[in-house]
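Look for chain A in each of the two complexes below; its partner is chain B in the first and chain C in the second.
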Partner chain A sequence: MGNLYHNKIAQWIVYVVFFAALTIIPMTVSDSFLLNQLATYGVYGMLALSISLCWGFGGILNLGQGIAFGLGAYGMAMTMQMQSQSESNPIPPFMLNNSLDHLPLLWQPFQSTAVGLVLAVAVPTLFCAAFGGIMFRARVSGPFFAIMTLAMLSAFYTIILDRQAYTGGVNGLTPPSSFVFAGVEVDPYSPTAYWVVLCLLAGATFVAKLITQSSFGLVTQAIRDDSERVRFLGYSVAGYETVIYTVSGLIAALAGCCWVMLVQYVSPAQLDVGFSLSMVIWAAIGGRHSLLGSILGAFIIQGAQSYLGDAFLATWLLILGGFFIVVVRFLPNGLASLVESGLGLFDRQRPTSSPAPDGGRPMPAE
Partner chain B sequence: MTGLLEIRNLSKSFDTTKVINDFSMEVVEGTICCLVGPNGAGKTTTMDLITGRIKPTSGQILFATDDITARHEHLIARAGIGRKFQVPAVLRDMSVRQNLEVAYSRQTNPFRNLFKFRKEGLKEKLDEVATLAGLTDRLKERAGILSHGETQWLEIGMVLMQEPRLLLMDEPIAGMTESEIEKTTQIFKDLRQSATLLVVEHDMGFVRNIADVVVVMHMGSLLAQGSIQEIEADRRVRDVYLGEQEAA
Partner chain C sequence: MDLGSLINALILGVSIASIWLIAALGLTIIYGTAGVINMAHGELIMLGAYSSYMLQFYLGLPYLLCLPVSFVIVALVGLALERGLIRYLYNRPLDTLLATYGVSLVLMQGVRLIFGSDPKYLAVPEIFQSNVMIGSVSLSVFRIVVLLVTALLVLALWLLFYKTRFGVQVRAVMQDKEMAASFGINSSRIYMLTFALGAGLAGVAGALFGVLAIVLPTMGASYVVQAFLMVVVGGGSLAGSVVASGVTGELQSVFAFFTNDTFARFIIFVLIVAFLRFRPQGLFAQAGARR
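Here is the complex of A and B:
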């Protein structure tokens, strides 16, 4: 029967059970601050999911996922900011402080909530398609692509920091009221906000899971394995890489929108290099070859940071760093590979498949 | 009979070194053409040029009267040229079945493949190729753990899954046992019914068995071309290549 870990039906059951368990939370948690915090973990889960799709399945290490996340977040913050402005008072206060006497062209589309939302998602997605398209066509790959994303992230960080009159500079944007959509106010501390995030996380996960199981997913795994070889089978490697990088960016952009909806705040810190690196660390610790493993990696690390971080203060970073080193050294495929090898113990029918010569890397079926 | 593949005055220089020098040849449809020559004669470079891995300095490559010179690798593959590499290149982290499945590349559009979960005709083709390659019992194994001979077979199987019109085989029998070589000989002869083969091989015994036409390369140029009897009788070929091989 093979290792249960690689069984597609078993995988789907685990995914469904996982999200079903998350739906119970709002019914048991009455503390609205805790609920809001759990919802932000959902946002981190989406980011880890996007990294897992791009890096774990596509083999594209992206250290600049903060670009898509940040652009999505700024788009959402601009939309929410404009919701608090009126006909008579169309200019956000921070612009007045920067002596702007009219609403800049950049901001005008965000006066409409629908257009603003579309832009918040479409701009980062199209950016990924264009940037990825140029890079992958030029066959920039591996560490070189990672460095390019890092450079691009820093460029965005600097631009946003520098253009204070348009972006709020280092202070960022703090929309004064909750997001209102189609007449419904999404109070960030309400179960509604939690449901929105959970639905998007679950939807993104199911789509990502389907992608990895499609013919497309098989080709991207082949590209991860040996991109040079795949070209000679007739597949456009650049095309596949661009698509998976763009889908990953789209998920991160959605995460950015959700994040601002929950915290009513965005600043250049969301495009900080450190934050983009932590997304990669979540996926690495959870297991980048597993979508669910990466999401859980984000939950575990961020959860531990919130609760243990307060207790240990500065020592926390040392603990996190040590944990990361241990995982990378002993579990190069993250915590998910523990489950894989655990289930492998029950699989006695395939004696020949165990320890492979190069250390038994898992089959990328999951 | 027309040439399925025509190479016209092909040249390739790396810096000042001419690796391929005004080389022309033709592969007739439905035949097996063997490309032989001493090490460094430019055989693998010629394969690289045909498949678009490197771009020629000058000259032309025509496939089915279509100019494919310097096209991208994936477009040349889609046009119907499949290639087995000298150092067997399989996807080592994937299972044997997944290797064959990826190679079944009728649909290459990334957007269409997003919505594709079942490939029509895959199962039949996969069964057929796996049986032919003797890998039926190994489908679930990771390709990285196969023996050298099995890896060779897997890559040949991948090329067959592509259903190309022209198969380029770079040293297909290296590392195979006598009986495996016999089997390869038979498969190649059967393949000739539906496809055309260009084979680079050092084993003259194997070449003698399969070749319709033999092309001898030396220092990046054409040295001789003809049937195996003609080639073996050719004094120049004996001097630069066959003599050296017999001595070895």
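Here is the complex of A and C:
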């Protein structure tokens, strides 16, 4: 029996225990603001998960994950904005301020909540499928693809900034009331919102975990390690890359929807280069080859930013940047690789390792 | 629309192109030679602007002298960065991208701690603040200075790369590091010097941008993506970056003439992505370079 870290059963147990621990939180936390904040960490966890899936398991470094996140968030914000408009007053106020006297065609589908939700998820996913398909078929990969995603992200950022009458420009969209779905109002500060985010995070993680363990996932990992060899073996490298990139985009789009549901706000800042890069930092620090590691990376970094950030307000970015440099230089596979080598030591000392039910990975501090 | 205003747009385009080019010059050298994706380039530009500010504020150096001194200061920073971090990452190009992003966070916050986040201004000689008429377009003298400095630097770099022994060595390392090493070229030293040179060029760009825009700790972030695109479109060679900046600068100016600045930038980004889809090696792929 090898390193417990690579034991699939142990991994699944750790995943289940991790999410079981997260379900307990709303029962113990009564502060609704804290609950809302924890739910936003769940959104960041989804983003780190999506980066881990496409970068750690597909070898595609995506610096433009903000596109999928941002488009999802804008779709959701438009849906919520239209929910608060009535028959007699169908035009959102910011459009009136920009002297638009009719609802633009772009906004009309969002009058229906169901259609709006579908669009909020489908548009970014289809964009990823199209963009990825075009790029990967041209064999754009590695650092080059990273720069292309940066360019695309900047393009979206500028167009949203520029079309003020349609997107709210630099102010973004601030839907005035919380999201209503099938007659149920999802108060962002209620446990319901937390459950929604947690369910999506857990669902996305389990799907991603299944993908990485399937034969499909094994091929994408082979592409990550040596794409030429996989191509010579007769696999459609571009096809595999497009699919994993699209799935990752889908998760980010869902995260975007959840994020707006929680904070009732979206602006071009969500498509800023810095935000997309911080998603990569979460995954890199947590360990991009581990889905759970990436999620924990997001929790740790964002949690530290909220709690240490107040104490070290001026030096927080300095600490984060320095820490990130150290991780990239000395721990290219992130903190999860520490656990891996730690369990490896454990394994060598006791060759007949007893499968500890919770011994796979450290539990979150929460 | 008349022909006159289109010509104005073209003249302005030359100025825009020179700004884009000087931001991209240092990156061209670093990416072209060592394949390092230096996300801290924008912050090196910012350091150049702050060096000039310090030189003016504390030493009272005249502005034109600040340019070469900023070059030296930022080149030294680049040298330290290369020795301390980048040289361990040459065989991991994606990790250079991540590590240098960490560096950019550190530099940005470090400068903010030292100088605060309030804007600083660089003083320039009286004559640079005036405007001149070229044809029917009014252009500030300083933009012409930027154009001249850019042209001078491109010429100097061309001489350095194609007319000196050092240049031959750099190009040899670029084409095949192992082969060059077996001919007795110290490739580690070449990488170190080119990284310092590239950083120094960012310093000069910063000293110029500090006048065009205000000096802020965050000023670098806006240049880095654009500079990268110039380098990638150009294919990593000096000539490529010159042509790429020229064409995109002109296109930006013409599109901005028909629509507005932001929308023009959007079109440029989309065009660049489309262009790279069909020509991933850029305008002028280097003969025998890797990839």
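The rule is short, and it goes like this: the second predicted complex is superposed on the first by the 348 of 366 C-alpha atoms of A that agree within 3 Å, B and C clash if a C-alpha of one lies under 4 Å from a C-alpha of the other, contacts with A are read in each partner's own complex, and residues count from 1 in each chain.
Note that a residue touches a chain if its C-beta (ideal position, glycine included) is under 8 Å from a C-beta of that chain, and two chains touch if they have at least 3 such contacts.
Since the structure is predicted, the reported quantities are computational estimates derived from the model, not experimental observations.
Asks: Check the residue A:Gly234 against both partner chains and state whether it touches chain B (first), chain C (second), both, or neither.
Replies: After superposition on chain A, A:Gly234 lies in contact with chain B alone.
Asks: For A:Ser215, using the defined touch cut-off, is the partner it touches chain B, chain C, both, or neither? Pick first, second, both or neither.
Replies: The first partner, chain B, only.
Asks: Taking the superposition on A as described, I'd like to know which of chain B and chain C A:Pro332 touches: first, second, both or neither.
Replies: The answer is second: A:Pro332 touches chain C but not chain B.
Asks: In the superposed arrangement, does A:Asp226 touch chain B (first), chain C (second), both or neither?
Replies: A:Asp226 sits against chain B, while chain C stays out of touch.
Asks: After the superposition on A, what does A:Glu185 contact: first (chain B), second (chain C), both or neither?
Replies: A:Glu185 sits against neither chain B nor chain C.
Asks: With the two structures laid over each other on chain A, which partner does A:Thr158 touch: chain B (first), chain C (second), both, or neither?
Replies: Touch status of A:Thr158: second partner only.
Asks: Look at A:Asp31 in the shared chain and tell me whether it touches chain B only, chain C only, both, or neither; answer first, second, both or neither.
Replies: Touch partners of A:Asp31: none, neither chain B nor chain C.
Asks: Going by the contact definition given at the top, which residues of chain A touch chain B in one complex and chain C in the other?
Replies: Chain A residues touching both partners: none found.
Asks: Considering the complex alone, what residue numbers of chain C touch chain A?
Replies: Chain C residues touching chain A: 37, 39, 85, 88-89, 92-95, 97-99, 101-106, 108-110, 112-113, 221, 225, 228-229, 232, 260, 262-263, 265-266, 269-270, 272-273, 276-278, 280.
Asks: Considering the complex alone, what residue numbers of chain B touch chain A?
Replies: The touching residues are 51, 53, 72-74, 77-78, 82-83, 85, 89-95, 98, 101-103, 105, 107-108, 110-111, 113-117, 119, 140-142, 144-145, 158, 162.
Asks: Would you mind writing out the residues of chain A in touch with chain C in their complex?
Replies: Residues 61, 134-135, 138-140, 142-144, 146-148, 150-152, 154-155, 158-159, 161-162, 273-274, 277, 280-281, 284, 314-318, 320-325, 328-329, 332.
Asks: Using the touch definition up top, name the residues of chain A that touch chain B in the complex.
Replies: Of all residues in chain A, those touching chain B are 2, 211, 213-216, 218-219, 221-222, 224-226, 228-237, 239-240, 243, 350, 352-353, 356-358, 361, 363-365.
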